[in-house]
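Before I ask anything, let me first share the structure, which is written out below as C-alpha coordinates.
Labels run A, B, C and D following the written order; every chain starts at residue 1.
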Amino acid sequence: MTPVEVLDFVAGVFPESDPEKTAIDELRDNYVRVRRTTDSRDLRPGGTISGPSMMALADNAMYIALLAMIGPVALAVTTNLNINFLRKPEPGDLIAEAQILKLGRRLAVGEVTIFSDGISEAVAHATLTYSIPPR
Amino acid sequence: MTPVEVLDFVAGVFPESDPEKTAIDELRDNYVRVRRTTDSRDLRPGGTISGPSMMALADNAMYIALLAMIGPVALAVTTNLNINFLRKPEPGDLIAEAQILKLGRRLAVGEVTIFSDGISEAVAHATLTYSIPPR
Amino acid sequence: MTPVEVLDFVAGVFPESDPEKTAIDELRDNYVRVRRTTDSRDLRPGGTISGPSMMALADNAMYIALLAMIGPVALAVTTNLNINFLRKPEPGDLIAEAQILKLGRRLAVGEVTIFSDGISEAVAHATLTYSIPPR
Amino acid sequence: MTPVEVLDFVAGVFPESDPEKTAIDELRDNYVRVRRTTDSRDLRPGGTISGPSMMALADNAMYIALLAMIGPVALAVTTNLNINFLRKPEPGDLIAEAQILKLGRRLAVGEVTIFSDGISEAVAHATLTYSIPPR
(Lines give C-alpha, C1' and ligand atoms only; values in the text may rest on other atoms or scores of the structure.)
Protein backbone atom coordinates (compact mmCIF):
# COMPACT_ATOMS: atom_id res chain seq x y z
CA MET A 1 0.00 0.00 0.00
CA THR A 2 1.11 3.56 -0.61
CA PRO A 3 1.30 6.14 2.19
CA VAL A 4 -1.94 7.75 0.99
CA GLU A 5 -3.77 4.42 0.83
CA VAL A 6 -2.53 3.45 4.28
CA LEU A 7 -3.55 6.75 5.88
CA ASP A 8 -6.98 6.65 4.27
CA PHE A 9 -7.55 3.14 5.52
CA VAL A 10 -6.26 3.90 9.02
CA ALA A 11 -8.44 7.01 9.28
CA GLY A 12 -11.45 4.76 8.79
CA VAL A 13 -10.61 2.29 11.54
CA PHE A 14 -8.67 4.48 14.03
CA PRO A 15 -11.11 7.32 14.53
CA GLU A 16 -8.79 8.99 17.05
CA SER A 17 -5.94 9.10 14.52
CA ASP A 18 -7.11 12.41 13.13
CA PRO A 19 -5.78 12.19 9.55
CA GLU A 20 -5.14 15.91 9.43
CA LYS A 21 -2.72 15.48 12.32
CA THR A 22 -0.82 12.51 10.90
CA ALA A 23 1.66 12.30 8.01
CA ILE A 24 3.91 9.53 6.76
CA ASP A 25 7.42 10.93 6.33
CA GLU A 26 8.99 7.69 5.17
CA LEU A 27 7.66 4.23 4.40
CA ARG A 28 9.66 1.16 3.42
CA ASP A 29 9.62 -2.56 4.11
CA ASN A 30 8.99 -3.19 7.80
CA TYR A 31 9.51 0.47 8.68
CA VAL A 32 7.58 3.70 8.84
CA ARG A 33 8.33 7.17 10.19
CA VAL A 34 5.18 9.03 11.18
CA ARG A 35 4.85 12.69 12.07
CA ARG A 36 2.02 13.78 14.30
CA THR A 37 1.06 17.30 15.17
CA THR A 38 -0.17 17.91 18.69
CA ASP A 39 -2.80 20.28 19.99
CA SER A 40 -4.15 21.42 23.32
CA ARG A 41 -5.82 18.07 24.00
CA ASP A 42 -2.40 16.38 23.94
CA LEU A 43 -0.82 18.69 26.49
CA ARG A 44 -0.19 18.44 30.20
CA PRO A 45 0.28 21.43 32.48
CA GLY A 46 3.79 22.70 31.91
CA GLY A 47 3.50 22.18 28.18
CA THR A 48 4.59 18.56 27.93
CA ILE A 49 2.70 15.97 25.91
CA SER A 50 0.54 13.42 27.71
CA GLY A 51 1.46 9.76 28.00
CA PRO A 52 -1.80 8.57 26.42
CA SER A 53 -1.08 10.71 23.34
CA MET A 54 2.26 8.96 22.97
CA MET A 55 0.72 5.53 23.53
CA ALA A 56 -1.90 6.22 20.86
CA LEU A 57 0.85 7.34 18.47
CA ALA A 58 2.94 4.21 19.13
CA ASP A 59 -0.07 2.01 18.44
CA ASN A 60 -0.94 3.97 15.34
CA ALA A 61 2.58 3.92 13.88
CA MET A 62 2.94 0.16 14.36
CA TYR A 63 -0.45 -0.38 12.75
CA ILE A 64 0.62 1.70 9.75
CA ALA A 65 3.88 -0.26 9.39
CA LEU A 66 1.95 -3.51 9.58
CA LEU A 67 -0.80 -2.53 7.14
CA ALA A 68 1.76 -1.40 4.61
CA MET A 69 3.15 -4.94 4.69
CA ILE A 70 0.00 -7.08 4.84
CA GLY A 71 -2.61 -4.88 3.19
CA PRO A 72 -5.84 -3.56 4.64
CA VAL A 73 -6.76 -5.88 7.51
CA ALA A 74 -8.97 -3.95 9.86
CA LEU A 75 -9.13 -6.85 12.23
CA ALA A 76 -5.45 -6.89 13.08
CA VAL A 77 -5.58 -6.06 16.78
CA THR A 78 -3.02 -5.03 19.35
CA THR A 79 -2.57 -7.78 21.92
CA ASN A 80 0.31 -6.28 23.92
CA LEU A 81 1.91 -2.88 24.27
CA ASN A 82 4.84 -2.08 26.54
CA ILE A 83 6.07 1.48 26.72
CA ASN A 84 8.88 3.19 28.59
CA PHE A 85 8.66 6.96 28.98
CA LEU A 86 12.21 8.27 28.80
CA ARG A 87 12.19 12.07 28.74
CA LYS A 88 9.68 14.91 28.73
CA PRO A 89 8.58 15.67 25.19
CA GLU A 90 8.82 19.23 24.01
CA PRO A 91 5.67 20.90 22.72
CA GLY A 92 5.47 20.48 18.96
CA ASP A 93 5.36 17.59 16.53
CA LEU A 94 6.12 14.05 17.59
CA ILE A 95 8.02 11.70 15.28
CA ALA A 96 7.44 7.95 15.63
CA GLU A 97 9.74 5.42 14.00
CA ALA A 98 8.17 1.97 13.83
CA GLN A 99 10.28 -1.07 12.97
CA ILE A 100 8.72 -4.51 12.56
CA LEU A 101 10.90 -7.10 14.33
CA LYS A 102 8.89 -10.13 13.31
CA LEU A 103 6.09 -10.57 10.82
CA GLY A 104 4.73 -14.04 11.42
CA ARG A 105 1.63 -15.75 10.17
CA ARG A 106 -0.32 -15.08 13.35
CA LEU A 107 1.67 -12.45 15.27
CA ALA A 108 3.64 -9.36 14.36
CA VAL A 109 6.05 -7.75 16.83
CA GLY A 110 7.56 -4.33 16.42
CA GLU A 111 9.23 -1.51 18.27
CA VAL A 112 8.38 2.17 18.07
CA THR A 113 10.72 4.96 19.15
CA ILE A 114 9.17 8.39 19.66
CA PHE A 115 11.05 11.66 19.36
CA SER A 116 10.24 15.33 19.73
CA ASP A 117 10.78 16.79 16.27
CA GLY A 118 14.39 17.87 15.85
CA ILE A 119 15.74 16.29 19.05
CA SER A 120 17.90 13.20 18.80
CA GLU A 121 17.19 11.66 22.20
CA ALA A 122 14.04 9.56 22.31
CA VAL A 123 11.13 10.58 24.54
CA ALA A 124 9.54 7.12 24.61
CA HIS A 125 10.14 3.58 23.38
CA ALA A 126 7.44 0.96 22.91
CA THR A 127 7.21 -2.64 21.82
CA LEU A 128 3.93 -3.97 20.47
CA THR A 129 2.39 -7.24 19.38
CA TYR A 130 -0.42 -7.44 16.88
CA SER A 131 -2.53 -10.51 16.29
CA ILE A 132 -3.19 -11.08 12.59
CA PRO A 133 -6.42 -12.82 11.63
CA PRO A 134 -6.31 -15.87 9.34
CA ARG A 135 -6.17 -14.73 5.70
CA MET B 1 -7.51 12.51 49.84
CA THR B 2 -11.21 11.97 49.33
CA PRO B 3 -12.63 10.83 45.97
CA VAL B 4 -13.81 14.37 45.21
CA GLU B 5 -10.43 15.89 46.07
CA VAL B 6 -8.61 13.32 43.96
CA LEU B 7 -10.86 13.80 40.91
CA ASP B 8 -10.57 17.57 41.15
CA PHE B 9 -6.80 17.37 41.29
CA VAL B 10 -6.58 14.82 38.46
CA ALA B 11 -8.84 16.90 36.24
CA GLY B 12 -6.28 19.70 36.52
CA VAL B 13 -3.28 17.64 35.47
CA PHE B 14 -4.84 15.02 33.15
CA PRO B 15 -6.72 17.23 30.72
CA GLU B 16 -7.88 14.23 28.72
CA SER B 17 -9.50 12.64 31.80
CA ASP B 18 -12.73 14.49 31.24
CA PRO B 19 -14.04 14.71 34.83
CA GLU B 20 -17.63 14.43 33.67
CA LYS B 21 -16.77 11.01 32.22
CA THR B 22 -14.96 9.65 35.29
CA ALA B 23 -16.31 8.55 38.67
CA ILE B 24 -14.71 6.82 41.64
CA ASP B 25 -16.92 3.90 42.65
CA GLU B 26 -14.70 2.72 45.50
CA LEU B 27 -11.52 4.01 47.09
CA ARG B 28 -9.49 2.38 49.86
CA ASP B 29 -5.85 1.90 50.76
CA ASN B 30 -3.86 0.94 47.66
CA TYR B 31 -7.01 0.35 45.61
CA VAL B 32 -9.49 2.25 43.51
CA ARG B 33 -12.35 1.26 41.24
CA VAL B 34 -13.00 3.84 38.53
CA ARG B 35 -15.98 4.03 36.20
CA ARG B 36 -15.58 5.78 32.88
CA THR B 37 -18.29 6.54 30.40
CA THR B 38 -17.37 6.28 26.74
CA ASP B 39 -18.49 8.29 23.76
CA SER B 40 -18.08 8.25 20.01
CA ARG B 41 -14.42 9.28 20.24
CA ASP B 42 -13.64 6.07 22.14
CA LEU B 43 -15.23 3.76 19.58
CA ARG B 44 -13.85 1.67 16.76
CA PRO B 45 -15.90 0.50 13.78
CA GLY B 46 -18.04 -2.38 14.96
CA GLY B 47 -18.76 -0.64 18.23
CA THR B 48 -15.80 -1.77 20.29
CA ILE B 49 -13.70 0.60 22.40
CA SER B 50 -10.28 1.67 21.17
CA GLY B 51 -7.04 0.48 22.71
CA PRO B 52 -5.79 4.01 23.40
CA SER B 53 -8.96 4.74 25.39
CA MET B 54 -8.22 1.73 27.58
CA MET B 55 -4.56 2.68 27.95
CA ALA B 56 -5.55 6.19 29.03
CA LEU B 57 -7.99 4.73 31.54
CA ALA B 58 -5.38 2.35 32.98
CA ASP B 59 -2.94 5.24 33.40
CA ASN B 60 -5.63 7.42 34.93
CA ALA B 61 -6.84 4.79 37.41
CA MET B 62 -3.32 4.02 38.64
CA TYR B 63 -2.65 7.73 39.06
CA ILE B 64 -5.82 8.09 41.14
CA ALA B 65 -4.86 5.15 43.35
CA LEU B 66 -1.41 6.61 43.84
CA LEU B 67 -2.54 10.18 44.56
CA ALA B 68 -5.02 8.94 47.13
CA MET B 69 -2.05 7.42 48.97
CA ILE B 70 0.64 10.08 48.61
CA GLY B 71 -1.38 13.27 48.22
CA PRO B 72 -1.37 15.74 45.35
CA VAL B 73 1.94 15.25 43.52
CA ALA B 74 1.45 16.42 39.99
CA LEU B 75 4.96 15.43 39.11
CA ALA B 76 4.50 11.73 39.69
CA VAL B 77 5.05 10.40 36.17
CA THR B 78 4.44 7.10 34.47
CA THR B 79 7.73 5.46 33.55
CA ASN B 80 6.43 2.12 32.26
CA LEU B 81 3.09 0.76 31.14
CA ASN B 82 2.51 -2.79 29.92
CA ILE B 83 -0.95 -3.76 28.75
CA ASN B 84 -2.47 -6.96 27.45
CA PHE B 85 -5.72 -6.67 25.52
CA LEU B 86 -7.76 -9.76 26.36
CA ARG B 87 -11.25 -9.46 24.89
CA LYS B 88 -13.28 -6.99 22.87
CA PRO B 89 -14.97 -4.51 25.18
CA GLU B 90 -18.68 -4.01 24.82
CA PRO B 91 -19.95 -0.50 24.14
CA GLY B 92 -20.83 1.18 27.43
CA ASP B 93 -19.02 2.08 30.63
CA LEU B 94 -15.57 0.73 31.41
CA ILE B 95 -14.65 -0.24 34.97
CA ALA B 96 -10.98 -0.08 35.99
CA GLU B 97 -9.74 -1.69 39.19
CA ALA B 98 -6.30 -0.42 40.19
CA GLN B 99 -4.30 -2.19 42.88
CA ILE B 100 -0.95 -0.84 44.08
CA LEU B 101 1.55 -3.71 44.37
CA LYS B 102 4.40 -1.65 45.77
CA LEU B 103 4.54 1.88 47.07
CA GLY B 104 8.22 2.65 47.50
CA ARG B 105 10.03 5.88 48.17
CA ARG B 106 10.95 6.41 44.53
CA LEU B 107 8.77 3.99 42.53
CA ALA B 108 5.20 2.76 42.74
CA VAL B 109 4.06 -0.33 40.84
CA GLY B 110 0.47 -1.31 40.32
CA GLU B 111 -1.83 -3.41 38.21
CA VAL B 112 -5.08 -2.32 36.59
CA THR B 113 -7.75 -4.71 35.36
CA ILE B 114 -10.36 -3.27 33.00
CA PHE B 115 -13.88 -4.65 32.58
CA SER B 116 -16.92 -3.82 30.52
CA ASP B 117 -19.56 -2.84 33.05
CA GLY B 118 -21.47 -5.87 34.21
CA ILE B 119 -19.24 -8.51 32.60
CA SER B 120 -16.96 -10.58 34.81
CA GLU B 121 -14.23 -11.41 32.32
CA ALA B 122 -11.59 -8.71 31.97
CA VAL B 123 -11.10 -6.90 28.66
CA ALA B 124 -7.57 -5.71 29.45
CA HIS B 125 -4.89 -5.98 32.12
CA ALA B 126 -2.09 -3.50 32.66
CA THR B 127 0.88 -3.08 34.96
CA LEU B 128 2.33 0.37 35.49
CA THR B 129 5.29 1.99 37.21
CA TYR B 130 5.21 5.57 38.44
CA SER B 131 8.28 7.53 39.45
CA ILE B 132 7.66 9.59 42.57
CA PRO B 133 9.62 12.81 42.96
CA PRO B 134 11.57 13.43 46.18
CA ARG B 135 9.23 14.80 48.84
CA MET C 1 -3.99 -33.34 34.15
CA THR C 2 -3.14 -34.10 37.77
CA PRO C 3 -0.28 -32.32 39.56
CA VAL C 4 1.93 -35.39 39.21
CA GLU C 5 1.20 -35.73 35.49
CA VAL C 6 1.87 -32.04 34.91
CA LEU C 7 5.17 -32.06 36.80
CA ASP C 8 6.35 -35.19 34.99
CA PHE C 9 5.54 -33.64 31.63
CA VAL C 10 7.14 -30.30 32.50
CA ALA C 11 10.29 -31.98 33.75
CA GLY C 12 10.70 -33.46 30.28
CA VAL C 13 10.41 -30.18 28.39
CA PHE C 14 11.76 -27.64 30.91
CA PRO C 15 15.12 -29.20 31.74
CA GLU C 16 16.00 -26.33 34.07
CA SER C 17 12.84 -26.85 36.15
CA ASP C 18 14.56 -29.37 38.38
CA PRO C 19 11.57 -31.49 39.42
CA GLU C 20 13.09 -32.13 42.83
CA LYS C 21 12.96 -28.39 43.47
CA THR C 22 9.37 -27.83 42.33
CA ALA C 23 6.08 -28.81 43.97
CA ILE C 24 2.47 -27.99 43.17
CA ASP C 25 0.78 -26.81 46.36
CA GLU C 26 -2.62 -26.15 44.77
CA LEU C 27 -4.07 -26.68 41.31
CA ARG C 28 -7.51 -25.69 40.08
CA ASP C 29 -9.10 -24.27 36.95
CA ASN C 30 -6.94 -21.47 35.57
CA TYR C 31 -4.80 -21.33 38.72
CA VAL C 32 -1.77 -22.99 40.22
CA ARG C 33 0.37 -22.31 43.27
CA VAL C 34 3.91 -23.61 42.85
CA ARG C 35 6.58 -23.91 45.53
CA ARG C 36 10.21 -23.87 44.50
CA THR C 37 13.19 -24.50 46.70
CA THR C 38 16.27 -22.43 45.99
CA ASP C 39 19.93 -23.34 46.25
CA SER C 40 23.28 -21.61 45.94
CA ARG C 41 22.90 -21.19 42.17
CA ASP C 42 19.82 -19.00 42.73
CA LEU C 43 21.52 -16.63 45.17
CA ARG C 44 23.09 -13.22 44.79
CA PRO C 45 25.68 -11.80 47.16
CA GLY C 46 23.85 -10.67 50.27
CA GLY C 47 21.65 -13.76 50.20
CA THR C 48 18.88 -12.52 47.91
CA ILE C 49 17.52 -14.57 45.00
CA SER C 50 18.51 -13.67 41.45
CA GLY C 51 16.15 -12.09 38.96
CA PRO C 52 16.67 -14.84 36.37
CA SER C 53 15.61 -17.45 38.95
CA MET C 54 12.37 -15.56 39.48
CA MET C 55 11.81 -15.12 35.73
CA ALA C 56 12.31 -18.86 35.19
CA LEU C 57 9.85 -19.59 37.99
CA ALA C 58 7.23 -17.22 36.55
CA ASP C 59 7.55 -18.87 33.15
CA ASN C 60 7.40 -22.32 34.68
CA ALA C 61 4.33 -21.59 36.84
CA MET C 62 2.37 -20.14 33.93
CA TYR C 63 3.29 -23.14 31.79
CA ILE C 64 2.03 -25.49 34.51
CA ALA C 65 -1.26 -23.58 34.83
CA LEU C 66 -1.69 -23.70 31.05
CA LEU C 67 -0.82 -27.38 30.63
CA ALA C 68 -3.25 -28.33 33.36
CA MET C 69 -5.96 -26.69 31.25
CA ILE C 70 -5.04 -27.76 27.72
CA GLY C 71 -3.16 -31.03 28.28
CA PRO C 72 0.38 -31.90 27.29
CA VAL C 73 1.34 -29.52 24.47
CA ALA C 74 5.09 -29.23 24.49
CA LEU C 75 4.95 -26.71 21.69
CA ALA C 76 3.11 -24.04 23.62
CA VAL C 77 5.75 -21.30 23.71
CA THR C 78 6.16 -18.08 25.65
CA THR C 79 5.86 -15.12 23.31
CA ASN C 80 5.98 -12.29 25.87
CA LEU C 81 7.00 -11.95 29.50
CA ASN C 82 6.85 -8.72 31.48
CA ILE C 83 8.11 -8.75 35.06
CA ASN C 84 8.32 -6.11 37.76
CA PHE C 85 10.69 -6.80 40.63
CA LEU C 86 9.09 -5.36 43.74
CA ARG C 87 11.08 -6.31 46.82
CA LYS C 88 14.18 -8.31 47.70
CA PRO C 89 13.26 -11.95 48.21
CA GLU C 90 14.36 -13.60 51.40
CA PRO C 91 16.48 -16.72 51.15
CA GLY C 92 14.25 -19.78 51.23
CA ASP C 93 11.40 -21.15 49.16
CA LEU C 94 9.63 -19.06 46.56
CA ILE C 95 5.87 -19.37 46.06
CA ALA C 96 4.43 -18.52 42.63
CA GLU C 97 0.71 -18.03 42.11
CA ALA C 98 -0.26 -18.20 38.43
CA GLN C 99 -3.67 -17.08 37.29
CA ILE C 100 -4.79 -17.43 33.67
CA LEU C 101 -6.53 -14.22 32.56
CA LYS C 102 -7.48 -15.43 29.10
CA LEU C 103 -7.35 -18.84 27.50
CA GLY C 104 -8.02 -18.28 23.83
CA ARG C 105 -7.72 -20.57 20.88
CA ARG C 106 -4.33 -19.17 19.87
CA LEU C 107 -3.08 -17.16 22.84
CA ALA C 108 -3.18 -17.56 26.60
CA VAL C 109 -2.43 -14.64 28.92
CA GLY C 110 -1.77 -14.96 32.62
CA GLU C 111 -0.26 -13.23 35.59
CA VAL C 112 2.13 -14.69 38.14
CA THR C 113 2.76 -13.22 41.58
CA ILE C 114 5.86 -14.43 43.40
CA PHE C 115 6.28 -14.43 47.18
CA SER C 116 8.95 -15.42 49.65
CA ASP C 117 7.42 -18.28 51.62
CA GLY C 118 5.50 -16.95 54.59
CA ILE C 119 5.64 -13.25 53.63
CA SER C 120 2.49 -11.58 52.38
CA GLU C 121 4.02 -8.82 50.24
CA ALA C 122 4.94 -9.95 46.75
CA VAL C 123 8.57 -9.93 45.61
CA ALA C 124 7.75 -9.92 41.89
CA HIS C 125 4.78 -9.76 39.53
CA ALA C 126 4.80 -10.99 35.94
CA THR C 127 2.40 -11.16 33.03
CA LEU C 128 2.99 -13.70 30.28
CA THR C 129 1.58 -14.64 26.90
CA TYR C 130 1.83 -18.14 25.50
CA SER C 131 1.17 -19.04 21.89
CA ILE C 132 -0.82 -22.26 21.59
CA PRO C 133 -0.27 -24.37 18.48
CA PRO C 134 -3.27 -25.45 16.41
CA ARG C 135 -4.81 -28.57 17.92
CA MET D 1 35.62 0.20 33.03
CA THR D 2 37.35 -2.10 30.58
CA PRO D 3 35.72 -5.31 29.33
CA VAL D 4 37.92 -7.37 31.63
CA GLU D 5 37.11 -5.24 34.66
CA VAL D 6 33.39 -5.37 33.90
CA LEU D 7 33.34 -9.14 33.45
CA ASP D 8 35.32 -9.68 36.65
CA PHE D 9 32.92 -7.49 38.58
CA VAL D 10 29.82 -9.08 37.05
CA ALA D 11 31.10 -12.58 37.77
CA GLY D 12 31.17 -11.65 41.45
CA VAL D 13 27.59 -10.40 41.62
CA PHE D 14 25.86 -12.51 38.94
CA PRO D 15 26.86 -16.00 40.01
CA GLU D 16 24.84 -17.56 37.21
CA SER D 17 26.73 -15.54 34.57
CA ASP D 18 29.43 -18.16 34.31
CA PRO D 19 32.38 -15.99 33.23
CA GLU D 20 33.82 -18.79 31.14
CA LYS D 21 30.63 -18.72 29.06
CA THR D 22 30.50 -14.94 28.53
CA ALA D 23 32.69 -12.66 26.40
CA ILE D 24 32.43 -9.00 25.49
CA ASP D 25 32.82 -8.67 21.72
CA GLU D 26 32.41 -4.89 21.62
CA LEU D 27 32.03 -2.20 24.26
CA ARG D 28 31.45 1.49 23.69
CA ASP D 29 29.40 4.29 25.23
CA ASN D 30 25.89 3.06 26.01
CA TYR D 31 26.39 -0.14 24.03
CA VAL D 32 27.78 -3.61 24.49
CA ARG D 33 27.75 -6.76 22.39
CA VAL D 34 28.02 -9.90 24.49
CA ARG D 35 28.64 -13.45 23.29
CA ARG D 36 27.46 -16.33 25.39
CA THR D 37 28.15 -19.97 24.81
CA THR D 38 25.35 -22.37 25.65
CA ASP D 39 25.47 -25.87 27.08
CA SER D 40 23.07 -28.70 27.79
CA ARG D 41 21.46 -26.79 30.68
CA ASP D 42 20.33 -24.08 28.24
CA LEU D 43 18.64 -26.44 25.82
CA ARG D 44 15.06 -27.54 25.31
CA PRO D 45 14.03 -30.78 23.61
CA GLY D 46 14.50 -30.28 19.88
CA GLY D 47 17.74 -28.42 20.44
CA THR D 48 16.42 -24.90 20.92
CA ILE D 49 17.58 -22.62 23.73
CA SER D 50 15.31 -22.04 26.72
CA GLY D 51 13.51 -18.77 27.37
CA PRO D 52 15.01 -18.38 30.85
CA SER D 53 18.51 -18.61 29.37
CA MET D 54 17.67 -15.74 27.03
CA MET D 55 16.10 -13.70 29.82
CA ALA D 56 19.21 -14.18 31.96
CA LEU D 57 21.39 -13.10 29.03
CA ALA D 58 19.29 -9.99 28.39
CA ASP D 59 19.54 -9.01 32.05
CA ASN D 60 23.25 -9.71 32.08
CA ALA D 61 24.00 -7.73 28.91
CA MET D 62 22.09 -4.68 30.10
CA TYR D 63 23.90 -4.84 33.43
CA ILE D 64 27.26 -4.94 31.64
CA ALA D 65 26.34 -1.94 29.48
CA LEU D 66 25.24 -0.04 32.56
CA LEU D 67 28.26 -0.89 34.71
CA ALA D 68 30.60 0.15 31.94
CA MET D 69 28.96 3.58 32.11
CA ILE D 70 28.52 4.12 35.84
CA GLY D 71 31.27 1.98 37.34
CA PRO D 72 30.95 -0.91 39.76
CA VAL D 73 27.60 -0.50 41.51
CA ALA D 74 26.53 -3.90 42.70
CA LEU D 75 23.29 -2.52 44.01
CA ALA D 76 21.92 -1.43 40.66
CA VAL D 77 18.88 -3.69 40.39
CA THR D 78 16.52 -4.65 37.59
CA THR D 79 13.07 -3.24 38.27
CA ASN D 80 11.35 -4.20 35.00
CA LEU D 81 12.07 -6.58 32.15
CA ASN D 82 9.85 -7.05 29.11
CA ILE D 83 10.84 -9.64 26.53
CA ASN D 84 9.33 -10.77 23.25
CA PHE D 85 10.44 -14.13 21.92
CA LEU D 86 10.56 -13.83 18.15
CA ARG D 87 12.06 -16.95 16.63
CA LYS D 88 13.52 -20.26 17.78
CA PRO D 89 17.21 -19.86 18.49
CA GLU D 90 19.59 -22.27 16.84
CA PRO D 91 21.89 -24.30 19.04
CA GLY D 92 25.21 -22.49 19.44
CA ASP D 93 26.35 -19.14 20.75
CA LEU D 94 23.91 -16.33 21.49
CA ILE D 95 24.83 -12.72 20.74
CA ALA D 96 23.20 -9.96 22.80
CA GLU D 97 23.37 -6.33 21.75
CA ALA D 98 22.46 -3.98 24.60
CA GLN D 99 21.76 -0.32 23.93
CA ILE D 100 21.09 2.13 26.74
CA LEU D 101 18.15 4.37 25.79
CA LYS D 102 18.26 6.56 28.87
CA LEU D 103 20.79 6.87 31.65
CA GLY D 104 19.15 9.01 34.30
CA ARG D 105 20.15 9.75 37.84
CA ARG D 106 17.78 7.17 39.29
CA LEU D 107 16.71 4.97 36.39
CA ALA D 108 18.39 3.51 33.34
CA VAL D 109 16.38 2.08 30.46
CA GLY D 110 17.81 -0.05 27.68
CA GLU D 111 16.94 -2.51 24.99
CA VAL D 112 18.63 -5.82 24.24
CA THR D 113 18.34 -7.69 20.97
CA ILE D 114 19.42 -11.33 20.98
CA PHE D 115 20.63 -13.23 17.95
CA SER D 116 21.81 -16.73 17.18
CA ASP D 117 25.43 -16.32 16.12
CA GLY D 118 25.66 -15.69 12.39
CA ILE D 119 21.94 -15.19 11.77
CA SER D 120 20.64 -11.69 11.06
CA GLU D 121 17.07 -12.06 12.29
CA ALA D 122 16.69 -11.55 16.03
CA VAL D 123 15.48 -14.40 18.24
CA ALA D 124 14.36 -12.15 21.10
CA HIS D 125 14.03 -8.48 22.01
CA ALA D 126 13.91 -7.12 25.55
CA THR D 127 13.58 -3.77 27.25
CA LEU D 128 14.82 -3.35 30.78
CA THR D 129 14.81 -0.77 33.56
CA TYR D 130 17.47 -0.65 36.24
CA SER D 131 17.17 1.35 39.42
CA ILE D 132 20.44 3.07 40.29
CA PRO D 133 21.16 3.69 43.97
CA PRO D 134 22.08 7.20 45.12
CA ARG D 135 25.79 7.79 44.55
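Note that in this section a residue touches a chain if its C-beta (ideal position, glycine included) is under 8 Å from a C-beta of that chain, and two chains touch if they have at least 3 such contacts.
Please read these numbers as outputs of a predicted model, since none were measured by experiment.
Set side by side, B-C and A-C show the greater C-beta contact count at B-C. Each chain gets a centre from the mean of its Cα atoms; the one farthest from the centre of chain A is C. The centroid of the Cα atoms in chain A and the matching centroid in chain B are 22 Å apart.
Separating the centre of chain A from that of chain C, both taken as means of CA atoms, is a distance of 33 Å.
Distance from the chain B centre to the chain C centre is 28 Å, each centre being the mean of its Cα atoms. Each of the following residues of chain C touches two or more other chains: 79-80, 82, 84, 129. Within the complex, the chain D residues that touch chain A are 82, 84, 86-87, 101-102, 109, 111, 121-122, 125, 127, 129. Contact residues of chain C toward chain D in the complex are 12-16, 40-41, 43-45, 50-53, 55-56, 59, 74, 77-85. Here chain D touches chain B in the complex through residues 79-80, 82, 106-107, 129, 131, going by the rule given at the top.
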